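Think of it as A, B, C, D, E, F, G and H in the order they're written, each chain with its own count starting at 1.
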Amino acid sequence: MDLGRLEKLLSAYKKDELGLTEAARQISELHFEDVGYARVDHSRATRQGFPEVVFGAGKTREQVVGIVERLAKHSPNLLVTHTDEGTFGEVRNIVSEAEWHESARLIRIQRDTSELGVGEIAVVTAGTSDIPVAEEAALTAEAMGNRVKRVWDVGVAGIHRVLAERSLLQSARVAIVAAGMEGALPSVVGGLVSVPVIAVPTSIGYGASFGGVAALLGMLNSCASNVTVVNIDNGFGAGFVASLINRKWEPV
Amino acid sequence: MDLGRLEKLLSAYKKDELGLTEAARQISELHFEDVGYARVDHSRATRQGFPEVVFGAGKTREQVVGIVERLAKHSPNLLVTHTDEGTFGEVRNIVSEAEWHESARLIRIQRDTSELGVGEIAVVTAGTSDIPVAEEAALTAEAMGNRVKRVWDVGVAGIHRVLAERSLLQSARVAIVAAGMEGALPSVVGGLVSVPVIAVPTSIGYGASFGGVAALLGMLNSCASNVTVVNIDNGFGAGFVASLINRKWEPV
Amino acid sequence: MDLGRLEKLLSAYKKDELGLTEAARQISELHFEDVGYARVDHSRATRQGFPEVVFGAGKTREQVVGIVERLAKHSPNLLVTHTDEGTFGEVRNIVSEAEWHESARLIRIQRDTSELGVGEIAVVTAGTSDIPVAEEAALTAEAMGNRVKRVWDVGVAGIHRVLAERSLLQSARVAIVAAGMEGALPSVVGGLVSVPVIAVPTSIGYGASFGGVAALLGMLNSCASNVTVVNIDNGFGAGFVASLINRKWEPV
Amino acid sequence: MDLGRLEKLLSAYKKDELGLTEAARQISELHFEDVGYARVDHSRATRQGFPEVVFGAGKTREQVVGIVERLAKHSPNLLVTHTDEGTFGEVRNIVSEAEWHESARLIRIQRDTSELGVGEIAVVTAGTSDIPVAEEAALTAEAMGNRVKRVWDVGVAGIHRVLAERSLLQSARVAIVAAGMEGALPSVVGGLVSVPVIAVPTSIGYGASFGGVAALLGMLNSCASNVTVVNIDNGFGAGFVASLINRKWEPV
Amino acid sequence: MDLGRLEKLLSAYKKDELGLTEAARQISELHFEDVGYARVDHSRATRQGFPEVVFGAGKTREQVVGIVERLAKHSPNLLVTHTDEGTFGEVRNIVSEAEWHESARLIRIQRDTSELGVGEIAVVTAGTSDIPVAEEAALTAEAMGNRVKRVWDVGVAGIHRVLAERSLLQSARVAIVAAGMEGALPSVVGGLVSVPVIAVPTSIGYGASFGGVAALLGMLNSCASNVTVVNIDNGFGAGFVASLINRKWEPV
Amino acid sequence: MDLGRLEKLLSAYKKDELGLTEAARQISELHFEDVGYARVDHSRATRQGFPEVVFGAGKTREQVVGIVERLAKHSPNLLVTHTDEGTFGEVRNIVSEAEWHESARLIRIQRDTSELGVGEIAVVTAGTSDIPVAEEAALTAEAMGNRVKRVWDVGVAGIHRVLAERSLLQSARVAIVAAGMEGALPSVVGGLVSVPVIAVPTSIGYGASFGGVAALLGMLNSCASNVTVVNIDNGFGAGFVASLINRKWEPV
Amino acid sequence: MDLGRLEKLLSAYKKDELGLTEAARQISELHFEDVGYARVDHSRATRQGFPEVVFGAGKTREQVVGIVERLAKHSPNLLVTHTDEGTFGEVRNIVSEAEWHESARLIRIQRDTSELGVGEIAVVTAGTSDIPVAEEAALTAEAMGNRVKRVWDVGVAGIHRVLAERSLLQSARVAIVAAGMEGALPSVVGGLVSVPVIAVPTSIGYGASFGGVAALLGMLNSCASNVTVVNIDNGFGAGFVASLINRKWEPV
Amino acid sequence: MDLGRLEKLLSAYKKDELGLTEAARQISELHFEDVGYARVDHSRATRQGFPEVVFGAGKTREQVVGIVERLAKHSPNLLVTHTDEGTFGEVRNIVSEAEWHESARLIRIQRDTSELGVGEIAVVTAGTSDIPVAEEAALTAEAMGNRVKRVWDVGVAGIHRVLAERSLLQSARVAIVAAGMEGALPSVVGGLVSVPVIAVPTSIGYGASFGGVAALLGMLNSCASNVTVVNIDNGFGAGFVASLINRKWEPV
């Protein structure tokens, strides 16, 4: 919430420049805008440092476009995840800066490109098939003002591949590691660096991989202490948290 | 690894002051010390910013004490988790500064109390029964040079309790949230703050809580984008990662 | 069963106005009508206060229409759930009052609109994607004679959204809360109100949501004592039970 | 929360009879009392019509007794569940009216015995082994001002047993049904009555009952529309919700 | 295996009328015929009283037809399950007596209609949607020489429906009960009869029915002692075993 | 139920020799005797051909003894399963013929030893550790009037062991096969015989046997069509159903 | 890695014939070639005795073809698994020796047909439907220089079928056994031979086979000590390991 | 089976020196000795190259000792796994060469120490807590005539530890890798060597390790193609198969 605006409203109310009902209405509009099927949240940027991402799956195209329209008025940068190219076409009609990223199936609007991080974010995959999820993480991190280094296809069965990238990994402020199958790469990366590692299990694999469950369990049980985990295929979440870790921070 | 020492060894080898075999032996000793049942790792402090924690479960008392003895020579601060008071008795014979923390069932040696963080770490629980796991996190974070604020018993069924602590939460650099049962508190805290939230599912509950699985799944599926998750009851891991996030950091 | 009719049959039998075989046949017809593939149940309205809902999935279109045809003769109000628009077309040929509800994929026949409840029923969703399930609940409750208040998209990651609806929630006789992902909203609503909360897990989510299992487990483990749970995506069941709770009731 | 008291505080604050800090402190105390390891919640009686039950498992005996001591000052009736006879001994030293119920392993303090319900609550078990959970439900319902009828050992493999209790079941305002193994009894009871049925899976069984999971799944998939479910062995929750359903209610 | 033929071969071998190699070949052909992708088993009729059913799923149409062609030469009756109408078309070209059963998706060849059972087999379903699986059982039992009574849609939520069929059920030698959702009907039927009940879980249901797992677990945990269980949707297996139970039997 | 006695009561009622209330009471007593914690069922012998077995687990010793006392008055044969030697001591005080079977942990009272079966029942185990469960099945079958042949330790890894017992198996009317670990033996036995095979998974094994789940799944998926399955470790159920299959049967 | 080439590079570096940067680049190219979306690994042939198989699923057709193009330059033999005929068309444009294997959905390039094994590899299936997975294993083993014997459709329900192949099985150096459903065949084969058996669970089955999980668990719990297991449907892995076991081996 | 002895028996039978019954008895005794609770298998040494290991769990001490007594007469080497020191005491009374191995909880009798392998077997653990399972594997391999190299505590979070043992690993004929938690070490070792790797998941870990399931899934999904898996904690099985792989082998 915009605290300056809130304080003004409260002062006006105490001084009786504003009635109770009107004060309540204006305060509640600081928070979100009710469009029927959704409460569009204009205060989240303040609360979490970024506008609400629009999760496209399970919403009609009209709902997605409607939400984007409202959010784009207040927020320079915006992501729509789990969406399709048809929706992108309609979004671009509203916001011409919108870009379509095929591998991550994601719409990105990035009108503010200020750098906000203290260092770089490394995004790593075990295999070629994990790239779409990793791209979702990387695009999110860039949209949130970070420099990103991509390291693809360095899975543990050829351990020399990840060792060859050791110095790149050790120079990052935080690492994101996407892996399917046995999900072992975050443990190895975790042992090589002294910063947080965000592990993203992917649904890549077959048989007893159970759509990413094997990788998820592997990561939750990592013997490296600096590993935390997000949901299966949740590249967005990994990019979001990595951005918060990399962000310049001052005690309030 | 001690890079200065390594460079000296390599120079000596190139100048033939050191033979190949001897160089290899000395380099490998920089890494770890083999005590038969364990490879005691003196370089992890460099690699991850902290000595290896000793996970007590599944090791004999003799093994735990033996490993502590070696680690304590190189490292001022040290943790033994999942242990018991009898082991503590023997550890204190070796390192008099060792403290026993009953609720977390943890031995802590903290001879260096320098503050290393840029802000504070909030450690939060949903219920009274989650305190042991949260204490493990808090004690770990303190051992790694952080100031910690504890907030106990603010579960979501009485939402006013966590709202009453909103400003405390919003002033932290990172929050750790431990919860059992449905594990909903991290989502609520995640929505209130704009920093990373590390969620720790606890095995508190009964019936369909399945020893923490319900809480774990709840946290992995959190609708708050700033939540990452560690293993069930893994207070140590949460405290460790929170410390890395809070640590002052300079690009190398 | 129509108890008055039953008593008449039994008297006639005792007075030998009716033979044993004929009495048995007539009594059994009070219960249900056998149409080969189904036993159409005309007595359920008496037993449970509402005609049998027709669960469309797994039945052929002919079977659905045949069952509706028989039920519509005895019952003014009727629901067909988990069905499609084609079936609706054929049902409307038989019962012109039939309405099609696209988001819930449900046919409703509501020829009796008497109000039967003592208060209102609040129907709440965590997100936009949960609306179809919640609509199924709301439409059911309306068909059973209740006033319904809909509250969409007030999930816990923006806790101010549900708090803003607190007074609406607190004035209801019973609340239905539909949520996917971590399923945390029923606990929060449960803590805000002093009436029963019926939690409906939805299959919304991905990865470790396991088609609604994460939400289901979260709700079963709710720390709010006034929460009970129905099956994943079972909006109908939630609406049905809420109607029974809200119904005027007199001891017999 | 005590709304009258709150309004007085707010008026005093607006009239500047109370400073901001003092107003905040007094308002927050309306909510709960912080005793270090727990936030004792004095307002829940208002919010949910009953004092917070104390869940004994996972708390030390000292914690349980401390919480009871504070709650008993404000609330005439009180339950401690999942506890033991030793704790009861200490609780009775503080509150002499405390009773110990061995089969449910529950302490009950019931100083107010006013009847608050509109009808009766039927509590039913499938087998003898389900009685402890059902007793927890029945004792809870009595503590909340209800008349309870107990019907033990009427499982579906001898269907005549439950049919023999049909009229008793049909006269209740709400039924609680506890069953282990296949958990089929709630469906049968649900078909016999036209009021809500609260199903409680119990952990009774062996092999593929998986500690109550088979019964839980059976109940969630009940073909009777008036069945809702609580957690495995959660007799307290069932009794709590049944009490809210049976409670006299007036629109506010 | 044809024991008479085997004894002749062995005699011939002992009398040296047949060499070792030739004897082995002829004995092994008594067992099965190797057609490359399958070992067509001509001896199973002797070993189990019925020719091998052809499980259509996972085989190419050519493989199914090829196997049927060989089996039909030795066996008057034959079933192809989990198949489609196109395959039926080709099978009918080979065996003109083949019949297509749409609801069970099964081809039946029944050239021998002798009655082999001592009594009747009751086949029962909980709902209309369970009929396809139950038909597979009934058609199998008929193909194996049994009289079958079908009882559809008598699920436990309307317990009077199954009670109305009590005498029919009690006159059968064995009962097959197919049910999805909570799978409770076998327990009720098991309590009504004193013969074996073969329970068939069906994959009917949604949400926490997990494709028939809830019904399967319910049946495995049945409190009726005369219930055994076959795999989910395995109507064929149920019909097969029921036929073996109903078969006239003489000690050998 | 005793049908002769029932007809007499109904006649007396119709002739008004018996009032409605008294008739109802006497009819209901035909069914069961209510002893508070249990409904002792005197009619099950008629309904299922055997008195109710007493499942000892989850009942107090007093409850078990009380139920046995009542059942033993009406029924010559009786089993108490999942019990202990102390309970046996008290049962023997009431019924001197009671026997204690240590390996199956079962009390058997067998005062009627008439043979009721048409053939023999084979009881087979894969390993030595499966014997306790198999003994429960064998003792049950004997108590129900059957001759039993025991075949221990013929698991599939030494296939010659079960082949050596082929003729014994092929002469039985029904076979019970108990196996833990991979549970493969029922499939092999099923292929050797042409009668029903009742598979009993045992909880023998470790690691991924998951307390019998691996064996249970193996048996449910058996490629032998004559296999049905009971719950893990449910020797009693297997013996019960096998007895019903082996029983002489006449169409009614 | 090519150790001879590596030693030359290191000598040159020590003699300063090669600068540090250039030495590093050349050494790292010994390992793999970075093509953007993949690190093509030219050293795996040395490390594991075979070029990297290309797992087709989850990669675009362009990626598969690009990787094959690079690998085919260094390696005479090559496999692409989990692919389709369209991709095969493009691969054949690059490498004319490529063959398409429809049942295994696999591309094989086999330009070197030297025999490398000490004996033969037996590949066995339980049913006809398991052939595609078994073919993947057999084709892999042939590509790695082995003679393979195929034995199809010898599942345990007709135990004489596998016994008939006993001598063939006993002459192999290693056996691969593919089975779905209950997965019992590897245990039986394991008991017949004295060499390693590699069990491959297949996803063949329905209901409680859970896509191969039942077979997987059966195999992991095999009572035959010479059985190890690979992932569900992982024919390639089984063929690969069998080849390593069969390979001529000399101590280094 | 002793084929020479079998051929003699068959000749004698054909020449009528031996009757049918006597021949059958003598042939069947070649296979196993029936001691009531077990079929002691004297032919397995021939079939699998080693006497049957005695799995101690689930057998009484008397049963274990009885089986050992019989096996020790025919077999110089023998293992009893999952046993205790008390049983060892009794076994040593019978076979004085018996040794007790505390960490593996295993009795070993090794009277024949001939070396039977072509190379060495490397046994590797990820952590100190995995040593008991790895010791079971190592002791088994030694009992089967192999030289074993033990490598303890080289888990992937400190990747330099396993790299330091690379040459030792690369000189082995086969590697056994035991790991709990995420079970990632076999993939890394698999990438370093070109021989088969047998992965043993251990039950070490907590929370979402689910008693070894996380490690098991990780290993089954290994991206290294040369990895096969045995059951959780099955050190014996791993040692057994590794011995068969390492064994000198000649085509028959």
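Note that a contact is a pair of C-beta atoms (placed from the backbone, for glycine too) under 8 Å apart; a residue touches a chain by one contact, two chains touch by 3 or more.
Everything numeric here is computed off the predicted structure, so don't read it as measured data.
Undergrad: Shared numbers divided by all numbers used: is that above or below half for chain B and chain C, i.e. same or different?
TA: Mostly same residues: over half of the interface numbers shared.
Undergrad: Please tell me the distance, in whole Å, between the geometric centres of chain E and chain H computed from their C-alpha atoms.
TA: About 41 Å, centre to centre.
Undergrad: Averaged over CA atoms, how far is the centre of chain D from the centre of chain H? Could you give it in whole Å?
TA: 54
Undergrad: Using the average of all C-alpha atoms in each chain as its centre, how far is it in Å between chain A and chain H?
TA: That pair's centroid distance is 49 Å.
Undergrad: Which chain B residues reach two or more other chains?
TA: 47, 127, 158, 190-192, 207-209, 213, 216, 220-221, 224-225, 231-232
Undergrad: Which of the chains touch, listed as pairs?
TA: A-B, A-C, A-G, A-H, B-C, B-D, B-H, C-D, C-E, D-E, D-F, E-F, E-G, F-G, F-H, G-H
Undergrad: Once bound in the complex, which stretches of chain H touch chain F?
TA: Result: residues 1, 28, 31-32, 36-39, 41, 43-44, 47, 55, 57-59, 63, 67, 82, 201, 203, 211-213, 216, 231-234 of chain H touch chain F.
Undergrad: Per the contact definition, I'd like the list of chain H residues that touch chain G in the complex.
TA: 46-50, 53, 118-120, 170-171, 173, 191-196, 198, 216, 220-221, 225-232, 236-238, 240-241, 244-245, 249, 251-252
Undergrad: Using the touch definition from the top, list the residues of chain D that touch chain F in their complex.
TA: 127-129, 131, 152-154, 158, 160-161, 164, 204, 206-209
Undergrad: Along chain C, where are the residues that touch chain B in the complex?
TA: Residue positions touching the partner: 126-127, 155-159, 163, 181-184, 187-188, 190-192, 205, 207-210, 213-215, 217-225.
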